[in-house]
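Multiple structures are listed underneath, in structure tokens.
Here chain A shows up in two complexes: once beside chain B, once beside chain C.
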Partner chain A sequence: MNADEFLDITDVVCPMTFVKTKVVLEDLDDGQILELRLNDGEPIQNLPRSLKDDGHKILELANNDDGTFTILVEKGGLT
Partner chain B sequence: MIKLANEQLERYSRQIILSQVGGKGQKKILSSKVLIIGTGGLGSPAAMYLAAAGVGHIGLVDYDTVDLSNLQRQIIHQTCDVGRAKIESGRETINALNPDVQVHTYDEQVTAANIRDIIGDLDYDFIIDGTDNFPAKFLINDACVLMRKPFSHAGIIRFQGQTITYVPGESPCYRCVFNEPPPKDAVPTCRQAGVLGVMGGVIGTIQATEALKYILGVGELLTGYLLTYDALTMTFRKIRVPHNRRCKICGEQPTITELVDYEQPTCDFKR
Partner chain C sequence: MSTNYKELKKGGFMRQRQPNYFSMRLKSVGGHLTAEQLGTIQSVATKFGKGYVHLTSRQGIEIPFIHLDDIDAVKKVLSEGGVQVGVCGPRVRTITACQGNSICPSGLIDTLKLAEEFDKRYGGRELPHKFKFGFTGCRNNCLKAEENDIGVKGGVKPDWHAENCTFCGVCQAVCPQKIITVDKIARSVTFDENNCLYCGKCIKSCPSDAWQGRSGFVISFGGLYGNRIAVGENFLPIIFDEDKLYKIVDAALKFFADNAKSGERFRTMLERVGRENFIDMITEAAR
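Right after this comes the complex of A and B.
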């Protein structure tokens, strides 16, 4: 699946993980896909949940086995 | 529209997180223009919170200098500012707080002759009345009605405060509620007046809240409602106020079509 946008948030912590993701998603159209690289631990535990609360759909989740995960998020996929 | 810098994402993160703000709302705030008339008890907290929120252009109108007796409530000024122009002291505080904000200063008292030019200078989006006298309050109301500008009125005295928001075409104006300045003998003298410093903080930050909500286009404004606050009983009342069809400036047959200066009640005591 091809993503329309890619964002790496492994260099920031909460709440900047969410803020950066939110701002990038705002500029996408509904149905477009964001590929997100995030850290294990707090980010992977909380961010997908927050994105779902905002109406976005997590399409795929992959463990990169280097302490990071990659998820594909469909903007507005749950609305 | 410009992209928010990483530093801005971080500075404003706690409000960008809000679903009613987001990156788009933050950009609206950064490109907004708010005029604050009076940098005293109300204008100080209003200016500081609006600056902190990232309002891109803040206009400060004041002709006065900082007096030691101001510092009990006018928190934008510091002890070292006593004797300096309030607009300069205000500018410094805002610049130190947030470099995203451009401060525009007007070293004058608003009058019928200059208020249109001041409001029109940057074509301000929203005006905050932080003045301390009835002539200025009626002048600001009349100018905003005639120029079709939204504004927040407020007043504080002793342990009491009140505020109302005007949006052209949508709400009653200040004059719909209060008609005209009270007779001179009904206005408390400075000796009687006194005010607890925090009153400006409570009411001034409500004015800033209204400005931000107007800029963002979210929530319900204090339009058609007068909010009163009594600190002694800790009571807020939200009183519905109707549009006055016979209002002299925004009624069906307005008699005020030009701005006028009301006479300021004289006061022997230092402001």
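Right after this comes the complex of A and C.
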């Protein structure tokens, strides 16, 4: 699956992880895909759920085996 | 007139180094005090003490430097201002709690409500030695359940709902026990329930509500964190029914009262008489 946008939030911590993601999603259209690289720990525990609560769909998750994950998020995929 | 220190201690007056002065222990349940109570405490500390209070390790307040001659006056002011004195000695002590699920997003059980109910049922009860209860809302364990004679921790038993699952794999990524396996291609999920910690991370992180669950109580017995340090032990699976929780605690306190020597803590008693009979008894109570 091809992403329309890529964002790396492994250099920030909560709540900036969520803020940065939200800002990037703002600029996408519904149905477009964001590829998001995030850290293990708190980001992977909280971010997918928060995105879901905002109506976005988590399509895939890949473990990069370096303490980070990459997820594909469909903007507005649940609305 | 000689001072009956034992009687004073029972009423929350801790003898100080300074002759005829007491540090007055106040009652709190779950670390919860109202603004009105704080006003009363402030006035007592200012008028009868030295204008300060001490926060105890068990979420309580003590007012140091209360003079023996002022004890009755202090008790009267406190009582009129809605503050009770705390307890010391061989009995059920201050019951501690985190804020629980009525406040904290991580909380799985209503710790404060439970602490209040426990105080009603067991608060101040005379036993062979001091006895501490503590409540913590989840596995983050802010309230350190296992350092108490009986600790109660919120947990949740996860339940997977296939119809909601998108097989994204977030649950597998967050599970601290690594007991969830998501097969994206076969569209299947396996979950080794026997090794579950009931932490609820799978439920909390799931972006499709495929993981749901029922909250309950994980009980630990025999914790000590003073002269001797020992971690409370779990002898039972997670309990969902609050009535069952009381049955188990009733049984545990009875076992303690029946078996402990005077001045012997719950843990020491368990080790002396053996855990087997105790485990049988609470397992029966949990049935």
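We adopt the following convention: the second predicted complex is superposed on the first by the 79 of 79 C-alpha atoms of A that agree within 3 Å, B and C clash if a C-alpha of one lies under 4 Å from a C-alpha of the other, contacts with A are read in each partner's own complex, and residues count from 1 in each chain.
One rule holds for everything that comes next: a residue touches a chain if its C-beta (ideal position, glycine included) is under 8 Å from a C-beta of that chain, and two chains touch if they have at least 3 such contacts.
Nothing here was measured: the structure is a model prediction, and the numbers come from that model.
Chain B and chain C, once both complexes are superposed via chain A, fit side by side.
Draw one line from the C-alpha centre of chain A to that of chain B and another to that of chain C; the angle between them is 80°, to the nearest 10. In the superposition on chain A, no contact is made by A:T70 with either chain B or chain C. Once the two complexes are laid over each other on the shared chain, residue contacts for A:L59 go to chain C alone; chain B is not touched. Counting the residues of chain A touched by each of chain B and chain C gives the higher count for C.
Shared-chain residue A:D40: touches chain C; no touch with chain B. Applying the stated contact rule after C-alpha superposition, one finds that A:K20 touches chain B and leaves chain C untouched.
When the two structures are aligned on the shared chain, A:Q32 is found in touch with neither chain B nor chain C.
When the two complexes are overlaid on their common chain A, residue A:P48 makes contact with chain C while staying clear of chain B.
Taken over all C-alpha pairs, chain B and chain C come no nearer than 16 Å in the superposed arrangement. For chain B in complex with chain A, the touching residues are 4, 9-10, 13-14, 16-17, 19, 22-24.
Put simply, chain C touches chain A in their complex at residues 166, 168-170, 173-174, 184, 201, 204-208. Residues 15-16, 18-20, 22-23, 26-27, 54 of chain A are the ones that touch chain B when the two sit in their complex.
Interface residues of chain A facing chain C in the complex, by the touch rule stated above, are 40, 44-46, 48-49, 51-52, 57-61, 63, 69, 71.
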